[in-house]
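Below: a set of structures, written as structure tokens.
In what follows, chain A forms one complex with chain B and a second complex with chain C.
And now, the complex of A and B:
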């Protein structure tokens, strides 16, 4: 593993000033399950020089149920979210998503903020010793032009909604679709921002989020869903444990009798950022949620998809998943 | 190198460690506790499982500085002298060990789970062990062993309660 310095921050101010001092060459560590792997494998052309441990900062952990809003501290472990009774009953999609992240051990270590901010799993990008110095990593040597190795390579797990500045990597988070469907907001040391807005514009795809290198997530806030609404989440992966999603999806549907009053759907692992299928949402609203409607929404959800040579199966999967999740919301009542 | 203190298997230890060292490296290479196995070294196999304050974590992904002042249990800390822990006994009895490489991690994951529930259903055990890969046993006997250990541990607790 590449050498780094390890700092234990005792306050947010201290952590922020350490991060600022290293000008992008230091990274926050919480659970460490993503960043330690990256450093061990020397994935990046310019590895971080320092890690700033924020687990030593008091008050960033725990779930608080306040007036109409659930507050989840950034360092709350995924295992604790999965087993929290309030989350299980009122925010079911999030509990279901947290429960299927990786393995029990990783859920004991990994935090909600880490799951939101995690790096991509593109196997060219993550290949050890920076073997594939790709377009996402940037910093071309003079005369070198960077490419996306997935575009001509094995792209079975890559984007079905096209490249962004040539990069085909996807966002692999399990919890993000649930958080977006539930309308969650992040509170950081710099701002308050909806989770759906933390992703970079398509001309800056090398970053997973727009959170700055000296910015720290403090809390996730989720407004309490309407009593008449139901949510669900499901992930398709190769094995039931350990694996990242091939496609995952969360939905929150608010019903008036059989009729859909309001509906939020979010897919992930299909594009460089989470994908909200607005067409599908729009066609569901004001109509009864029949099996046929759910299937039509599935079709609409993948409208405009541009599969790669090896991943058109993901389109079929995404369609089926949207249908399944919508029916799960209907049946959950 | 800096000096770091933590508790391993009931003993307070003080070691010098580098900033970029993992708990797994410190346990194996500095403390000689080689019962904790290095499998994938990337967080995917569970062979390096240890208990940190009683919860199962992957020592290959944990910078050693994170255990400062905390309590670590490795497989070496389970037996009491020559007397094996009931889980170890049960793995032996049920034939849940072949090459044995995954066994320390399996047993520690199982221990963390049984410490919260001595009445596990088959599915609970499988889920608790979902992060531990085994290339030999096919898992059936491992799950049986944990069930057996749970029965024995229940008996022991009941006997102790009756006393």
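And now, the complex of A and C:
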């Protein structure tokens, strides 16, 4: 691991000031379960110069429920979210997602904000010692053209909805689909922004989110779902013990009797950012949620998908997963 | 119990004929694990932990290219970097002659001596000359790379790891990048680039083997039915937890080595020979091993032998201890012996389930397993034909790790389940119908058992009954693809079987020292490989002498003149226990001889503790020497030792003895049939929408011969179950097809399973006493993880109704199989 500076911030102001001083060459560290691996493996051509520890800032941890909104502090550990009774009962998809992040040890360290802001797991991008200086990493040397090595490489885990500026990496977060389906908002040191809107436009492939380099997530706010709604989450992965998703999905369905009144679905690990299948949502609303309807929604969810040579199976998987999640929402009642 | 000291001959049909009828400690549960507290408490010292005063840290350059030569190496900037104390370059004169002897080997240039199968059958063709083979491994810190990640070019020793790595980043390398080939099938096509032209410029054929028994073509014609199918298995790796490292201290004329190595004593011999140092000037320390899984099991390769040479040269030059380390990605290094195996099957059989002929055409990358062996080892199938070819590729070295028998077990499993499927027969019945040995039936095997003093028992028949009951086989087995559970998932159940691993071979030495307080030290150096061997040998020695187990201890880390074999050939306790037993019986007899013999100290004669008695009159029970006929006549063993050793001023002569045991040459000795069997049952659920697979129940039934330590056997069953399931469902070394760079260099991308990845595990130990090892035991450490992938594959076929013919069985492959089953109307 290359040398870097480490600061324990005592306040958000101090942390923001430190981040601003390094002009993008510093990163926030909280649980550290993502950033430390990046540093240890020397993934990037130019390592970060500094880490700003925000665990030393009081008041950023905890789950508060009231006034129709659930507030989860940025430093709240995933294991605490998974076992919180309110989250389990009213925000089931989030509890289910938090429960399957990595391992118990990592969930005891990893935070909700870290899970939202985590970097991609593309095995070309993350290959140790910067073996692949890819388009996502930028910083091309003079005369060098950067490429996405997955495009004609082993792309079994990559995007099924096309590239973004040639990059085929996907967002690997477990909790983001649940948060988007539940309509969550992020409160940062600069703004309040819906989780679904934190992802960059398609001309910025090197960034996972639009959160600025000197901006810190403070809290996640989730409006209380309708009493008649139910939510569910599932991740497909090789292992249960520890794995990032091949495809994951969350849904929140509000029922009026058997009929779907409102529906929010979010897939992840299928594109550079979470994928909301609006066609699927639209066809469900106002209709009874039968098995057949769930399957039709699954088909609609992957409309426009463009498989790579090695990942057409992810389209089948995404279809099946959407169907499965919708039925799980129905059965949860 | 016989007191006879059975000195074993080194001939294959030796077995233990002196097994006690009753045991006090052997086979008993609840014995506390001897190294449990230090390992569970984080106090155990591993090679990675060794820190000596003034120690330097050394890191090596790893090739970023799959095939390349160093044209120019500029280390001038690195030499001036902070903390750098020494740099060793590939063009250093001291590295000349430090060849890896074709031993980065048995993969690169073809293998000769190590392969017992080839020797056994005497039928193999080597594509390279002996001389090429000897040179074929390249050299320690060579100037070229045959695969991405190969350690070559330069080693840098600095005050800290970071300084060594920073300096390494300053090294400027000009590479001549050469064409590479990754796929064994592609490498054999006309026009494929030579993968290692230093060995073979003509083609990429390493070796061909043809093994033939009987006449398969005739048998196919005469069979009721013939089927053909293919399977492909991707390579896996060891993925051991402790990354590779060593420490060498060169002090004056003496050298000390701290080794993370499975056959460390062999590594010392090779090191001494290469460095020109007498054996008695090198002292070897083998700290705890953070597991090996066979990865450190070849002492002649770069990550083992190469590290010793590099650390030693740098230590000699700096006068400081040097630790050379691989990082995690470096440690995801070698490949399994069956690195990418492609096999085409043709199988003939009759309507009653009798298999008449099996033909295999196998092409593997680097070094493989034939796939035919287990049909010879434990079936009555008389007609067998193997056409086998090893192809050279620019992928890492392949050798035996995590047991090299995976392909052999897998082929057996696949053939039996395909035959059962074709005949719509219960696969258990097909197994029982074809059990046997070397083409001969169970009647022959029964006669063999009787002739060689074993009980005549039918191991397979006994264990399948236990397994069927545990999994409720008769109620749950169904036609493939025909059971959907209420949760919408497809239910599958599978069975497979094989022989127990009794590759009992090797040499083991043990010394026993009885202290004046009556306690016993086991004197033997052994690498920490195996499941609780420390307690197990203490248990055996205590049992044989007649001591409480607490009175026996073993710290096996230091060199003491006695080398207890570590798993050199898929065997461990089965050979080592012979030596422990023999040494303990000798020591016991010596103690009793002292008890009945007067002692003279210059002019004083001390009477015997048991005057007038003979050795045969006495026994040792719980550390007390007593008269068998009148146990009230007794004294503590410590008193006998005190009297015998004439303690004076704190020093004394030792009560000591030792024994050695040598058995076999290679695991499979012609005519020494495998008698114990193992079987497995797996239940799976498959999500037809997503391709997810859940192994809900895994049943292992192992005929271990005799379970010296039942909990250790069960530990191996638990570990083998999840490791084997992982091999079937997840583990795969993936290379970028364009660059040859390994993409699976950590525990995220390389998918090792844990106990949390499988459902209920049922472990059943069966004790037939029919092993060739001490007390009639056989080893099970390797076999469960090796056979398990086959049974999970069979269960998946039962669930889907279609074979998944490429392993690992990822969700992508499951979904493809489901599609096929739907097209055929099975689902």
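Definition applied: the second predicted complex is superposed on the first by the 333 of 333 C-alpha atoms of A that agree within 3 Å, B and C clash if a C-alpha of one lies under 4 Å from a C-alpha of the other, contacts with A are read in each partner's own complex, and residues count from 1 in each chain.
Operating definition for what follows: a residue touches a chain if its C-beta (ideal position, glycine included) is under 8 Å from a C-beta of that chain, and two chains touch if they have at least 3 such contacts.
What you see is a predicted model, and the numbers here were worked out from it, not measured in a lab.
Student: Applying the document's definition of touching, compare chain B and chain C: which contacts more of chain A?
Tutor: After superposition, C is the partner touching more of chain A.
Student: Please work out whether A:132 is in contact with chain B alone, chain C alone, both, or neither, and reply first, second, both or neither.
Tutor: second
Student: Between chain B (first) and chain C (second), which, if any, makes contact with A:190: first, second, both or neither?
Tutor: After superposing on A, A:190 lies clear of both chain B and chain C.
Student: Tell me the contact category for A:156 with respect to chain B and chain C: first, second, both or neither.
Tutor: Only chain C; A:156 stays clear of chain B.
Student: Contacts for A:316 in the overlay, against chain B (first) and chain C (second): which applies, first, second, both or neither?
Tutor: second
Student: Let me test your reading of the model: by the given contact rule, A:2 touches which partner, first (chain B), second (chain C), both or neither?
Tutor: both
Student: Just to be sure I read the superposition right, which of the two partners does A:236 touch: chain B = first, chain C = second, or both, or neither?
Tutor: Touch status of A:236: second partner only.
Student: Classify the contacts of A:51 with the two partner chains as first (chain B alone), second (chain C alone), both, or neither.
Tutor: first
Student: Is A:124 touching the first partner chain B, the second partner chain C, both, or neither of them?
Tutor: Second partner only.
Student: Kindly classify A:306 by the partners it touches after superposition: chain B alone (first), chain C alone (second), both, or neither?
Tutor: In the superposed model, A:306 contacts neither chain B nor chain C.
Student: Counting contacts the way the document defines them, which residues of chain A are shared by the two interfaces, the one with chain B and the one with chain C?
Tutor: After superposing on chain A, chain A residues 1-3, 41, 240-242 contact both chain B and chain C.
Student: Quick one: in the complex, what on chain B touches chain A?
Tutor: 18-20, 22, 41-44, 46, 49, 55-58, 61-63, 65-66, 68, 109, 127-128, 130-131
Student: Touching residues of chain A toward chain C in the complex: what are they?
Tutor: Touching chain C: residues 1-3, 41, 121, 123-124, 126-129, 131-132, 149, 152-154, 156, 236, 238-244, 246-247, 298, 311, 313, 316-317, 319-321, 323-324 of chain A.
Student: Name, in rising order, each residue of chain C that touches chain A in their complex.
Tutor: Checking each residue of chain C against chain A gives 62, 64, 148, 162, 165-166, 327-329, 687-692, 726, 729-730, 734-739, 741, 743-749, 751, 753-754, 756-757, 810-812, 815-816, 819.
Student: Touching residues of chain A toward chain B in the complex: what are they?
Tutor: So the residues of chain A in touch with chain B come to 1-6, 8, 29, 32-33, 36-37, 39-41, 51, 53, 55, 102-106, 108-109, 240-242.
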